[in-house]
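Order of writing sets the labels: A, B and C. Residues in every chain begin at 1.
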Amino acid sequence: MDVQNQINRLASLKTDLFHKDFLLTWEKSDDDIRGIMETANILKAMRAENISPRIFESGLAISNFRDNSTRTRFSFASAANLLGLAVQDLDEEKSQIAHGETVRETANMISFLSDFIGIRDDIFLGEGNKYMREVGAALDEGFAEGVLPERPGVINLQCDMDHPTQSLADLMHLEQQFGSLENLKGKKIVMSWAYSPSYGKPLSVPQGVIALMSRFGMNIELAYPEGYGLIPEIVDIARNNAAKSGGSFKISHSMEESMQDADIVYPKSWAPFHIMQQRTELLQKADKEGLKALEKTCLANNAKHKDWEYNAEKMQRTKNQDALYLHCLPADISSVSCKEGEVDANTFERYRLRTYLEAGFKPYVIAAMMFTYKFRNPAETLKALLERNKKRVGI
Amino acid sequence: MDVQNQINRLASLKTDLFHKDFLLTWEKSDDDIRGIMETANILKAMRAENISPRIFESGLAISNFRDNSTRTRFSFASAANLLGLAVQDLDEEKSQIAHGETVRETANMISFLSDFIGIRDDIFLGEGNKYMREVGAALDEGFAEGVLPERPGVINLQCDMDHPTQSLADLMHLEQQFGSLENLKGKKIVMSWAYSPSYGKPLSVPQGVIALMSRFGMNIELAYPEGYGLIPEIVDIARNNAAKSGGSFKISHSMEESMQDADIVYPKSWAPFHIMQQRTELLQKADKEGLKALEKTCLANNAKHKDWEYNAEKMQRTKNQDALYLHCLPADISSVSCKEGEVDANTFERYRLRTYLEAGFKPYVIAAMMFTYKFRNPAETLKALLERNKKRVGI
Amino acid sequence: MDVQNQINRLASLKTDLFHKDFLLTWEKSDDDIRGIMETANILKAMRAENISPRIFESGLAISNFRDNSTRTRFSFASAANLLGLAVQDLDEEKSQIAHGETVRETANMISFLSDFIGIRDDIFLGEGNKYMREVGAALDEGFAEGVLPERPGVINLQCDMDHPTQSLADLMHLEQQFGSLENLKGKKIVMSWAYSPSYGKPLSVPQGVIALMSRFGMNIELAYPEGYGLIPEIVDIARNNAAKSGGSFKISHSMEESMQDADIVYPKSWAPFHIMQQRTELLQKADKEGLKALEKTCLANNAKHKDWEYNAEKMQRTKNQDALYLHCLPADISSVSCKEGEVDANTFERYRLRTYLEAGFKPYVIAAMMFTYKFRNPAETLKALLERNKKRVGI
């Protein structure tokens, strides 16, 4: 049986995921990454066969979204629910956090009977990931001091640096589309900036993508207009990963040329790193005038690059005129969701359903992060669940 | 045992509810309608006897309320919870839908591990039911293309045309109060407009009531002041149903006269069809001035019909001076919830607890819609649940 | 086994908690109070040993927060979830309650398949507890008249008079810190007003603390600046309790002197009783100008008492210079959460983790209230759960 084979593959990995938060893919070993992917695939296969992997009789999974979200919110809720946890939102408008409570205290107050805290915090550069670590440290203390009966796991649902549940879903999609991770070797993937009529889009997706995809021997090309760079340290990680994995890493400044012979393309808008830095300073100072001025300048800059739209002309340059198109969704689709955007309507439509398949891995990635955090030997536990063979629906 | 008899009756019906959305009662056969009612009664009886009909180990029921709601929200949550599903709200203020995402995409993004989507969308005439079908079509595509492991069911929790969970709860209440559906034959039911100090109340309740109640051989009288008509096509459905079922259908313009010898009365305010059309146009144009002017005109029109209050005087005309009073709640009660309203305080008080009984069927109607959508042979599955005999509370 | 002993102790108590709302500790017998505490400790121990006390297959616990809350919200959600209930918020902004629905109707509408309603309503003096009783009476009627299959329990999550889940968590903390309730005899506890830069803080915490702690033979000292008194009837309850239990009760007006030889201190701000009365009148009249003027006067009055800060100097006077510091959190910590506040940073830090332990009892107190409401013989049911020995996590 296929699931049994997957479980055996998972058992052969040396993972270090037990009781470790998932905050950045680049803190994780290759076996960790594969461990998450195998576990996610197994959970997905079990559910497809109506076998419930429910492993919690009770427990809370807390979602703390400091930014709007539909798909990540639902992915987190779906993952928690699949394993038997109830979601409890920590809504900062409703809660007393807004009244100056410290992170340390709140982290403990919400965790007495909680198993996971999923956090999305991508607004302030230099803050989101740091905040997650502060929460983690508070939980460490609470557990060590007997305040908490168990130490809840922290899951990064998008921060200023990385978006691991997204990039891992993207990677699982590539694995499925190309048949295996091994088949990705030598493939060319272009992570390209694209024009959008909005401003201030987070850097976490392109950063997460280049830092993760560079681990599998692919040829990474990061394309953006001059001045639209990412956090330099993360670009270095991607460059080093590529070198180690037998791939390559290149930065270029023409969307059109970057697309040449690409196997995979990921055209997506983001705000330049140095702009996000200025924006963070202004936000922290609550400088409304400054923010308005910055937005105006940025939108004017963006508008110089409306030709950074992915469309038929650019697709023509790709391998077999049919590079696999990736997007974290929602895309800014020209003449659909905006006048001029990241991708033209026909091109998007051609790959639309495949972007849905891509997104469909995310709930299982999150469930796998939860599962491997909680069980020292996830392969063994999954085997036991398979043998229990409890139906998800029906009796 | 009574539940066993109900299950046998359910088994004898030829229903076509499996994997079919519940969007309008008039798209459903008589056996479908009875199938929902029998299933709802069985689930209600099982719970009353502390037998859990929980049939999902995990799964999400998504609620998408595009209008305020307390009772329908709780009914949906109760139904989902009874069967083992967790509710996840799709809150458009929180979600990215407000940012121009397409219905097609969102429907798939929220459905990877979801079993049902309950939608309430009754604000725009011509839009609510259409939106539900768009969601349904997107789910069809997602399932056909392998994006979704199962095709979630869509449940109409109130639209511009119908309010099936309400009208079915009303009907179950009538069945219980009169002893059987058969006993409803020849009974006179008056669906009457009533005065309210508010404007823009949806048409779905009166439309849903006349379209459903006309299927059981009752004499329907639809009473409203000149100019307060419903959607003509739905009135035709009611008229045709009445003719087919051996009942009658009549429109009149005097609340007082309509009440003569009524067995059942449903006095409730609504906005005239043509006003709702104008309002929809103005809302779509975001014409605030126009909306204000329309509201002013409407309230002035309403105010000419303050005598359309259901009260002792009108009740005197009904059968045995004691027609069964129905309302979907909350009612506009004169000198209680407003100065002048749909019903006077004494009359409402006389039937108050029975309106609660009426409302109490709604959670089970929704649970029955979920149950019959999910199981090809609901009678068999209910029998298995009865035999499993798991306690809802206790061990 | 320790849990078995606790169950035996619980079995020996004569409690009257079955199908009784928990609204005020002073309506409960000593055995009731101990019954809640024993049950809470047993549930806490079971969970710590990964034994699930889940006793509901389905059911809703409704939370109705008429004021902001993080910790009580999460405590309620945790308790419900531990026992197998799903939380459904009754959010008055979302619901139709705002539209003039009566308490009576709404209480029934949300309760068709609900097991508990937790209410926090502490804004209006004279209103919060009254509202809870109105809800209770409506549920009584609904159950008696066959509207509700079961009578949901009402749990006071903080009102204008009492905050029983807080004071019971405080008491459980004292029991653990001092080894037993018996050891509390003769101990001095100071419930002291403390300075805060905010105004209008509820009276329920100090009132709940003095009314409960006075039952265990402690010497209670209630300290506040002249004019900052509590509801006189509740002060009388504390005074009488103290006399009956062999303790003492004293009111004083110097924070410094009150601390002399204290074993336990609870420095916390509140608004004076007579101010809360005026505020309630102004709120009911929606008199914005009056409210502004009152706030101004109050803050000016508060500012005269900035020396009512608990700090090293005051701690020096306490027993062994180390009285146990209690707080319901969040505390107003000088130079941390505000410029000048209830407690200085060093003193708070010294007891910080113990305030977390204190808070950690609250979810189990709420779960115990639910458990004892639902089972006539909670000891027997807990024994059965222990024997069932179902894992909370794992298979």
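What we mean here is this: contacts are C-beta pairs under 8 Å (C-beta built on N, C-alpha and C of every residue); 3 or more make two chains touch, one makes a residue touch a chain.
What you see is a predicted model; the values in this text were computed from it and never measured.
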item: Chain B against chain A, contact positions shared by both copies (same if over half, else different); value: different
item: Copies chain A and chain C - rotation angle from C-alpha fit, nearest 5 degrees; value: 120
item: Centre-of-Cα separation between chain B and chain A, whole angstrom; value: 41
item: Multi-chain contact residues (two or more partners), chain A; value: 86
item: Sites on chain B touched by chain C in the complex; value: 47-48, 52, 54, 65, 68-71, 73-75, 77-78, 81-84, 86-87, 329-330, 336-338, 352-353, 356-357, 359-360, 362-363, 390-395
item: Residues of chain C touching chain B in the complex; value: 55-60, 86, 88, 90, 94-97, 99-102, 105-106, 108-110, 112-115, 141-142, 145-149, 374-375, 381, 384-385, 388
